[in-house]
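For clarity, chains are labelled A, B, C, D, E and F in written order, and residue numbers in each chain start from 1.
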Amino acid sequence: MKNGIGFAGVGDAIDDFMLIKEATKGVASNGKPFLTLILRDATGEIEAKLWDAKKEDEALFVPEQIVKISGEVNQFRGRSQLKIMAVRPAQPTDDVYISDFVEKAPVEKSVLADKLTEAIFEMKNPALQRMVRAFIKKYQEDLLTYPAATKNHHEYVSGLAHHIVSMLAIAKELHILYPELNKDLLYSGIILHDLGKLKELSGVVTTTYTTEGKLLGHIPMMVEEIGLMAKELQIEGEEVVILQHLVLSHHGKAEWGSPKPPMVREAEILHLIDLMDAKMNMLNRALDKVKPGEFTERMFAMDNRAFYKPLFEEN
Amino acid sequence: MKNGIGFAGVGDAIDDFMLIKEATKGVASNGKPFLTLILRDATGEIEAKLWDAKKEDEALFVPEQIVKISGEVNQFRGRSQLKIMAVRPAQPTDDVYISDFVEKAPVEKSVLADKLTEAIFEMKNPALQRMVRAFIKKYQEDLLTYPAATKNHHEYVSGLAHHIVSMLAIAKELHILYPELNKDLLYSGIILHDLGKLKELSGVVTTTYTTEGKLLGHIPMMVEEIGLMAKELQIEGEEVVILQHLVLSHHGKAEWGSPKPPMVREAEILHLIDLMDAKMNMLNRALDKVKPGEFTERMFAMDNRAFYKPLFEEN
Amino acid sequence: MKNGIGFAGVGDAIDDFMLIKEATKGVASNGKPFLTLILRDATGEIEAKLWDAKKEDEALFVPEQIVKISGEVNQFRGRSQLKIMAVRPAQPTDDVYISDFVEKAPVEKSVLADKLTEAIFEMKNPALQRMVRAFIKKYQEDLLTYPAATKNHHEYVSGLAHHIVSMLAIAKELHILYPELNKDLLYSGIILHDLGKLKELSGVVTTTYTTEGKLLGHIPMMVEEIGLMAKELQIEGEEVVILQHLVLSHHGKAEWGSPKPPMVREAEILHLIDLMDAKMNMLNRALDKVKPGEFTERMFAMDNRAFYKPLFEEN
Amino acid sequence: MKNGIGFAGVGDAIDDFMLIKEATKGVASNGKPFLTLILRDATGEIEAKLWDAKKEDEALFVPEQIVKISGEVNQFRGRSQLKIMAVRPAQPTDDVYISDFVEKAPVEKSVLADKLTEAIFEMKNPALQRMVRAFIKKYQEDLLTYPAATKNHHEYVSGLAHHIVSMLAIAKELHILYPELNKDLLYSGIILHDLGKLKELSGVVTTTYTTEGKLLGHIPMMVEEIGLMAKELQIEGEEVVILQHLVLSHHGKAEWGSPKPPMVREAEILHLIDLMDAKMNMLNRALDKVKPGEFTERMFAMDNRAFYKPLFEEN
Amino acid sequence: MKNGIGFAGVGDAIDDFMLIKEATKGVASNGKPFLTLILRDATGEIEAKLWDAKKEDEALFVPEQIVKISGEVNQFRGRSQLKIMAVRPAQPTDDVYISDFVEKAPVEKSVLADKLTEAIFEMKNPALQRMVRAFIKKYQEDLLTYPAATKNHHEYVSGLAHHIVSMLAIAKELHILYPELNKDLLYSGIILHDLGKLKELSGVVTTTYTTEGKLLGHIPMMVEEIGLMAKELQIEGEEVVILQHLVLSHHGKAEWGSPKPPMVREAEILHLIDLMDAKMNMLNRALDKVKPGEFTERMFAMDNRAFYKPLFEEN
Amino acid sequence: MKNGIGFAGVGDAIDDFMLIKEATKGVASNGKPFLTLILRDATGEIEAKLWDAKKEDEALFVPEQIVKISGEVNQFRGRSQLKIMAVRPAQPTDDVYISDFVEKAPVEKSVLADKLTEAIFEMKNPALQRMVRAFIKKYQEDLLTYPAATKNHHEYVSGLAHHIVSMLAIAKELHILYPELNKDLLYSGIILHDLGKLKELSGVVTTTYTTEGKLLGHIPMMVEEIGLMAKELQIEGEEVVILQHLVLSHHGKAEWGSPKPPMVREAEILHLIDLMDAKMNMLNRALDKVKPGEFTERMFAMDNRAFYKPLFEEN
């Protein structure tokens, strides 16, 4: 079994550096204040209670602070909880950095950038290619570091680019199996479909939703961005509307946030590829944490199902 | 009872000018061709069959052609059908015009224009006022002639402006009863909420959906337009996003085409005022056609309900 | 920011009289008994824990007892909780009364009574007018003091009459904008629609549901009452059935408790006015508690939405 | 196979008296008028077209007229249709009566009356017994002749009483198997549950819905009737409310017309017995018309299912 | 009121033997470990906390261990909780056995076995009879001891057989009232419908789901079993498929686990009898615990309804 | 545009051999009999009316008869209809065969067989490989000729094998992109998932559902078959249950016919690959029939959507 809090089981002893993600003050039933800490390393997160917290503790143990912590993993109401034995803030001499404690895509940023460039090189339709190129230029930094979501799938550094690049790989193969697919359109749709998240989400670490994101959502925001960009680049022709349609419809149904369902072949396939890669990402990471013969925890974003790892898998 | 095809009952004789809205060729069970005509005047429409149609007839009786027709109203499969006795195309000397045969708002265009201007004068927030003023200028002609829909409610010439002006009147009174409402925001939302229909619908007569309208819908198109206009007018501040939110959410629920539900007080009230005016428009026109003690036909857009006119109404 | 527990934030000190709404005994993790108190003043309510509660405390701190309490507002599992420093029952010399601690409509009872009388004066249909007059006479006291519900909207003293009077004001304006509406019918429907709550709810303070209310609900109970009253007053004619229909259908849909949907124009509008006033009541009170740029708490009766107060509102 | 139009197959010759249930005028594609007749005998109904109908025919062939008809059963758009060879109105000398052509319950009226009396004799609770007795007296004639519905189940003369009596038989046995059931309450609920139909439906032959029935429905009408009757008989005690609850909740769910779901044991069982008898009635009559190895037609009131008669049934 | 934990109210003192059903370790807010015990006797279960649990305690107080416990029933977050005064493991000399602490069907195993045999004797169709007989022989022991479910209804020793035998009794009476029903088919369906639970559930005490049960469910497993058994017994003819259909469809709807809805008369009735007996079982046991004039707790498997026991019930 | 009835437009003349798929007798409004023929060639089908049909015609023009027909494509109620000029049964000398008129997979049977063999060669898990090999042997002929459905997707000769082979191609690529997938399990699931259709459907031409298919459905039938085969081959181990789970869950949701949702990684992916290939098959064939700038007809199995072919597609 691998190292890290994401892989720790009940009874395991912990003695390591971790990052405070959230810290909330509470009052215990004996009337004394305590802190509820959400701690994380690059493999996962865990809750911990700091009992009898003093005023100084409240000032020391705040979000984005790294701490050295030792304790034991217990179970509380069916969820893991870290029982704290000792905790102190990290010192400069500890030589630890926030970036050590956040989960990252399993592929390097530079590789992701290269894959995106490759895909654009394969495109032939000038309108689509210019549009995509302009967006990649506009958002180059954020696009390579943002997560694809705050939770569920690809919710780690470079998650968005990782998701796009995996989807492009599926699209490439599907285009060989089904040559009727317009590869340029599908590629553009894949690269742009979630770029609205760069404005919907607040940033890379301890990500939340922006006010604009809450009130409009990434889909209409990106449809608008495509319209503005087309105007700026003076691109005309149906490509613009079709690309807006691919973005608009990629959640598949009105109830899921797409006011129009897919009505173009590549829009339908974009929706399916998005589903497939998101589900594989969630399933692989959840099954990675259980042994053959066990079920994972229930996964909210998979309709609350628990998945089984068959006995004949060699883990 | 009023005059016009919308008020004619089974057995009534008809001898009048009407406009051909649709003409479709068919083959009768005796093997001879016939034409199915949808005829209309300013009060409604009716189907008619022209049996034994000759090649010349097919050329004469086409959409947007006015005809002089005499016949009798029959019933066929539970719906009214006009039995044609005689029919001829209108002549220039007949002195009849297409505009005579289309339904119009019960309020003059100039009155509607004045009411819009009045509302803008009442507004004080400069960002909102400039935005609204710019849109009214941009679309001034279409805004005063377009219908609000292809069917169901306000589906007549100037229907969109009629709908907006009625909604403004409700908003004005609600603002007095509930002074917490931001009148400027509510007015702007009302005026802009359906302007996307000017691009979603094909025109004023024999209206259909544009390709862009089918693939994107008027809501995301208008959200984009507001973004473009704000950029053009260099308007900044939260007014832009809030106005986009009002437009985006005005259908109330994801299943009804709003990817975000109302999350601002005026957005919620805009949705309710929209519902109220649309329903009053449908109900009044349907109940106008029945006598006390009768039910209307089932109305699809009112959840397929038939409405009853109580006996104590004086019609 | 206004005074009162409904406006207190985390960290605020409290030193005031409050009313005990609920008191429940529990056992702490150290094995000692404690009391969970729900305390309220005229602006809202808060939970508090009385640790190490003695037998005497259980007898002293009971529902409808007023207490003098000092403490500090803390946060517990995301909700406010009052940390008790000192608490004692109120004395006669404190000169405080239960009626000081319950929320009341922002309009005086006498004004509400006058508004109802005015509305009845405007009515011309004798059957409807006699019916409404008889009910107002029958229930005059309760009608002016009952809340409209146990929670969500108008859940305060005189809430029912406040709701009715606000709805009448909307109806009056709508009747001017849409003269097709039968004002007498709409007024009668508004005044009677929720009177069944006088039998469904247990009373004015610490309101619960009666057994009859749970088994039948206010809608069928009021339909029955109208039938009985018509018999008593020997009123005949369709007005009785139509009025029963307005009451029966005012929740709009079978799933929401109306076995028949609105099938009369005024029934549909009654339903919409009811929605509009209930929502305005909930929204205004929730938004009153947040600052510009903030979201309210999620509101269960508004489909669990949180509402945003734009930055450009002057609070 | 049995005799009668309900059992006739495509190709069968017909030469018999039938009752006209509906007659509608139409115009054929050759421009000549025709009549669409819905004809019935005691076993079922069939559509027939009378081509080239003259003015006299329109006057002769009207609803509730008995006709002597000969023809052949054909198929038209997947449904049976009677091809008319000859048709004439019945003469007094033909010695046929409307009552010969309507379907009747398979049990005699007098037997049904006796069974109801027996059930009342078994009851011991005086409040319930007096209430039921009063209703049976009030509606004695209609109760023994009305159908239970206009279509689907027990839609024949005495259908309502037949349905009640079958349900009482099930209740009697269930009470033996589950002695916890309050037999008196269950019996009263069964006898009264659908009596509102006597006011919701227009009569015994060619039954439609009354205006009151459409606007209120039989359930709230019967709840009101119980309230009025209790007042008249000066019955007090919880029996009245519980009986109203049984009637109110007997459709089981709000979506099915019960604003409150069953919340009393006997209410839940009443709902299930109602379902069971209605379904057996529909299934037996539909399966009676097919041979082993065949499926019935799709049955709308059985969720549009077609039922299979196994090969090992001896028909 | 009856004896046993299922009937104990808040404040009652307890001094009795109970069985530990579950034991979970936790950490209290003072940092000390505690055990959460779920204790049961033959009438119900209750939660209890063992504070300051030592390592020895963790080893002593484990599932399926009988304990002698004294304490008091308290309320915690609206649910009963046993406050432990003293607890010790049972000794051999205490003369108590696991079987004393599990709920059992109110009918003896031998009686249930006889009733099953009787039913088989009544059957005449040889294919159905041989099939049923073979299954009863195959599963004779488990069939008489298994519960019908892990919770909700008949979740006690011999619950499955008790459920089957009650259903057979209803079927017998229904067959008399509706002689069209094929008794042999209905009996076979009732006896076999839930036998898949013998493989879906893990056993008689502290029952859980098997992996196979989770992945396939008892319905498809039993359809397969019938196919295998028919092959083994060399039974041919439509009886096999029809019996598989009865089992497959007995949950009534796809959403409830039946991929095909009932399409044979006896399948529909089997579904209704199953519902009726399950509901009577749940209702009788819940109402047994409340007094006249009270509501039961909300019952999850009854659509979360609370049921009322009328005042005129003699308890 | 391609040849064949599937590509013919209104006004096109037809003079070709076609196969009668259905023939229904009707009576025209002039009282004369006619035949409604559904005619097909390898590209599609069309309705035609044979007016004034004589007894001989009824005998000549029957399903599975090939005819030489000339006529013109007309439009009737919005659908194409062939107006018959001349028609005669085909003669032996015409040298035409039923197999010429049925649609076939675009890939040869032998190629499909080879692809299946290849896939099995790639498998390494002996239990899975033996199982799959045994089924392919058992059904070798039908598996290569059956359609995958009666309508919607792959509803042509060899459609089932074509569907399987396309899915295997996707699976092969996905396994490279996501090496966590168990290729053997996914391959087995794909090959077996729809084999139950060989018993659910009646055959290759004019395919309908068998009685067993209607009552049980292909999913439970195949789960049973796997159980029987495992017994026959004496295969034990979890592979059998997991394979049954893949088949059982491949429709994804209970409402869609899978009583258990996918709970194994490969089950989830099997469901998605199935969807993807079915949708591509429907989309490609529908879009093949329209020109750039046009929408397809509404497709029932694609949630009734019409799909758009962008202008920039080169057809």
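Here, a residue touches a chain if its C-beta (ideal position, glycine included) is under 8 Å from a C-beta of that chain, and two chains touch if they have at least 3 such contacts.
Quick caveat, the model's predicted, so the values are computed rather than measured.
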If a chain touches chain A and chain C alike, it appears here: B, E
Interface residue overlap between copies chain D and chain F, same or different (over half shared): different
Chain pair equivalent in interface to B-F, over half of contacts matched, among D-E, A-C or A-F: A-C
Cα-centroid distance, chain A relative to chain B, in whole angstrom: 45
Gap in Å, rounded to a whole number, between the CA centres of chain C and chain B: 39
Averaged-CA centre spacing for the pair chain F and chain C, given as whole angstrom: 60
Multi-chain contact residues (two or more partners), chain C: 29-30, 211, 214-215, 238, 242, 263-264, 295, 308
Pairwise chain contacts, counting only pairs that touch as defined: A-B, A-C, A-E, A-F, B-C, B-D, B-F, C-D, C-E, D-E, D-F, E-F
Complex contact set, residues of chain B against chain D: 28-30, 34, 49, 51, 74-77, 81, 83, 293, 295, 308
Chain B to chain A touching residues, read off their complex: 211-212, 214-217, 219-220, 223-224, 227-228, 231, 241-242, 244-245, 248, 254-260, 263-264
In the complex, chain A residues that touch chain C: 24-27, 29-31, 211, 214-215
Chain C-touching residues of chain B, taken from the complex the two chains share: 125, 166, 169-170, 173-174, 177-178, 180, 182, 185, 237-239, 242, 261-265, 268-269, 272, 275-276, 279-280, 283-284, 287, 295, 302-303, 305-313
